[in-house]
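In structure tokens below, several structures.
Here come two complexes built around chain A, the first alongside chain B, the second alongside chain C.
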Partner chain A sequence: MRLTVSATRMELLRLKKRLILARRGHKLLKDKQDELMSQLLGLVERIGEVRREVETRLEEVYGHFLSARMSLDDRTLEAALSFPGKVVKLKATQRLILNIRVPVLKPEIEGKIYCYGFASTPGDLDVALKKLEQLLEKMIQLAEMEKTLQLLADEIERTRRRVNALEYVLIPDLQEAIKYITMKLEEMERESLTRLMRVKEIIRGE
Partner chain B sequence: MGAVKGWPPAGSKVAVIGDRESVLLFKAAGVRVYPVKEIHEAEQAFDDLVRSDYVVIFITEELAEKISHRLQEYALKPLPVVVPIPNIRGSVGYGFDRVRDTVKKAVGADILKHKEG
Partner chain C sequence: MIEVSRYRPAFKPDLRYAYATGRIRALESRQLRRQDIERLIEVRHPEEAVRILTEGGYGGELPRLEGWSDFEYMLEIQQRSVIDLLSELSKDTSISDLFLERYDFYNLKVLLKAKYSHQDLDHLLIGIGRTSIDLLKKAVMESDYRGVSGAIKDIIGWVDTVWEGMLDPQLIDVAVDNRMYDRFLSIVVPFGNRFLHDWLRLEIDLANLRTFLRLKWLGLEDIMDQVLVKGGTIEELKFLSLRGESWERVIEAFRKTGYADVVAEGVGHLLDASSFSRLESLSDGLIISFLRRAKLQPFGIEPLIAYVLLREYEFKAVRAIVVGKMNGVADDLIRERVVNGYV
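So, the complex of A and B:
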């Protein structure tokens, strides 16, 4: 027996109340875990799609960039790209999913993207840049989703640990203690009954 | 929604850490870039970015894998968001692996094994 208790009726009542509470808590946590899990599974599926898209499109961008590079020397390229005509800013807010704070990111892109003369650079560079610009929003969306995934996963792990602690430790311990007290009380009852009968016999025998 | 101290961080920004070839184009797209070669440079860049409240940090898979222990410290904070991206030589699958590991940790089983390949 892991809980040390005194075998009294008071203690028995107290333990029974605790058991009911523990069971209710366990059910709530279990529900929370199920909900978190379904959120997570939905999110994972969407992340898979978005990440695949981002990676494919990024590779396209790199492809165009590489072919632009071939026809340019390093200095011209560096000069063309070094003075960005725009700034990517983010508006970070947050929302709550089942009491977990997750970030919400909204890109705000300022300025125009072509920051160099068209004459000295190949068309592939323009294409690469244009595609990258369109891709950035998706990439930021991916960032938001992946962070949400990490936070959800962590919360699930913690909830699971609490569910398990209730299910495999606290609730069985309480049940055992209740059983112990009930048996002890019954035993004491039987004991006093036999004592009474014996006493009665002795009196009658006189 | 409770207000969090210092939220949103002033001048929320995006940055990319990676080898020079891969990040050059991002510069023109208006993203702060850190071209790095060595691992310690990447760590240095990452620390700088975290300190100056960058919100989203893209990092090439190759480097992300090497400094993953550093990135892990921030995995459970709401910000910054660190996202591995393929570098100019293509994807090595680290981005997907990371998603898979996270799910595995939560679910207790590798449910994506057959999906992503």
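So, the complex of A and C:
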């Protein structure tokens, strides 16, 4: 027995109340864990779809960028892109999923993505930037979903630890302590009964 | 309109260039040939391509060339040596200045961007130009115009005036590119060399054609009048009148010009593959064909100019091959790109 308890009726009552509370907490946490798992699995599926789309489209962007790089030296290409005209600001707010704060990212995009002249740059740079621009919101959405996934996974981990602690440590310990006190009290009752019977015999014998 | 396929040089031999032409003819024999390009395309690793180039004299006296990562440095060394050769052999400083000033205009773009974006972009500057980088820096950062050309002073002044109202980085590149071509025309026209003038007009036409098709594809036709370069053989109005027209109409509009194949094939590939690579390699190919006509000139500045420009296209082809190899691009794709242009 891991709990150190005094074998009294008061203690027994207190422990029984704690056991009821622990069982209720366990059930609630278990339900929360199940719900979190179902949310997580749904999100994983959606992320899979979005990530596949983002990766396919990013591959196209890199292909066009590579094509531009093949016809321009690294310094000229860097110079062309060194002063971006497009500014992307991310406004981050929060929403609650089962009391977990997850981010909501809202991009505020202004300016032109084509920040270079056309006479001295290759056309595939336009194609790469156009496709990247079309992809930007999807990438931000993916970032938001992946952060949510990470937060949900952390919460599931924490909840599972609590559920396990209740299920495998606290509840068995309380049950054991209750059993110990009950047995101890029964033993004391039996002692007391035996004592009383012995006293009664002595009185009758006189 | 310049018909490259029927272009016949009507050059008068210029005996001042007898030695230069002889030297150029000797150097021409060392340029990369089709089989060299094929050999480069067929190597398995970019290191092998760089090794082949180094053996072929590309590395020069380069002490620190260790692998493919240094290949841009190798090309820069080559570029410098070609420009030095031009300065050495040219009897007309205005023409060698024309080639050097390209770097001034490039450096000017970098410095203007550094100034307005408050960044340090010194690592992007190229120290080949006619004007020293220090003088350009003083002109851009402190409005001290001593030692810089009037064209550069005009650009800096213009960008300084309009910047606050527009805050558009593209404005810097467009202003520099447009004035760069104005400056080149102001050198070439009084020089009175038909080949040089036609080359520049061909460059401007093809730059405008590519810009027009890019803007059309991007749906940015409203800025076309600001970005087109003046001085080509195709009237600016022709491009402006084609705004909003269908691709078929655009192809039709150029069908009877010397650019018909470039436009038809380039647009076809653009619509099929969303890529301008074919258009660009075809337009490079057209300029290369034009430059090769200089071989018909016995003596003159033309072979020298053509050699310098053809070497630059050679560097471009080498870059396409090595970058392609570095990034695992299929041999056929590299071949298609390089063969349309350089070979």
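Here is the rule we use: the second predicted complex is superposed on the first by the 200 of 206 C-alpha atoms of A that agree within 3 Å, B and C clash if a C-alpha of one lies under 4 Å from a C-alpha of the other, contacts with A are read in each partner's own complex, and residues count from 1 in each chain.
Note that in this section a residue touches a chain if its C-beta (ideal position, glycine included) is under 8 Å from a C-beta of that chain, and two chains touch if they have at least 3 such contacts.
Just so you know, these numbers come straight off a predicted model, no measurement behind them.
In the superposed model, A:V127 makes contact with chain C only, not with chain B.
For chain A, the partner touching the most residues, choosing from chain B and chain C, is B.
When the two complexes are overlaid on their common chain A, residue A:L66 makes contact with chain B and with chain C alike. Within the superposed three-chain model, A:L96 lies in touch with chain B and out of touch with chain C [touch as defined at top]. After overlaying the two complexes on the shared chain, residue contacts for A:L152 are found with chain B alone; chain C is out of touch. Of the two partner chains placed by the overlay, neither chain B nor chain C lies in contact with A:E35.
When the two complexes are overlaid on their common chain A, residue A:I47 makes contact with chain B while staying clear of chain C. Using the contact criterion defined above for the overlaid structures, shared-chain residue A:A80 touches chain B and also reaches chain C.
Contacts of A:E186 after superposition on the shared chain: neither chain B nor chain C is touched. When both complexes are aligned on chain A by C-alpha atoms, chain A residues 66, 78, 80, 82, 84-85, 115-116 touch chain B in the first and chain C in the second. For chain B in complex with chain A, the residues that touch the partner chain are 1, 4, 7-9, 11-14, 22, 24-31, 55-56, 58, 75-76, 78-79, 81, 83, 85-86, 88, 90-91, 95-96, 98-99, 102-103, 105-108, 111-112, 115-116.
Those residues of chain A that touch chain B in the shared complex are 37, 40-41, 44, 47-48, 51, 54-55, 58-59, 61-62, 65-66, 77-78, 80-82, 84-96, 101-103, 105, 107, 109-111, 113, 115-116, 128-129, 132-133, 136, 139-140, 142-144, 146-147, 149-154, 156-157, 160. Chain C meets chain A in the complex at residues 72, 75-76, 106, 109-110, 113-114, 116-117, 119, 121, 123-124, 126, 168-170, 172-174, 176-178, 181, 207, 210-211, 213-215, 217-218, 220, 227, 229, 274-277, 279-280, 316, 319-320, 323-324, 327, 329, 337.
Note for the complex: chain A touches chain C at residues 64, 66-67, 69-76, 78-80, 82-85, 112, 114-124, 126-127, 130.
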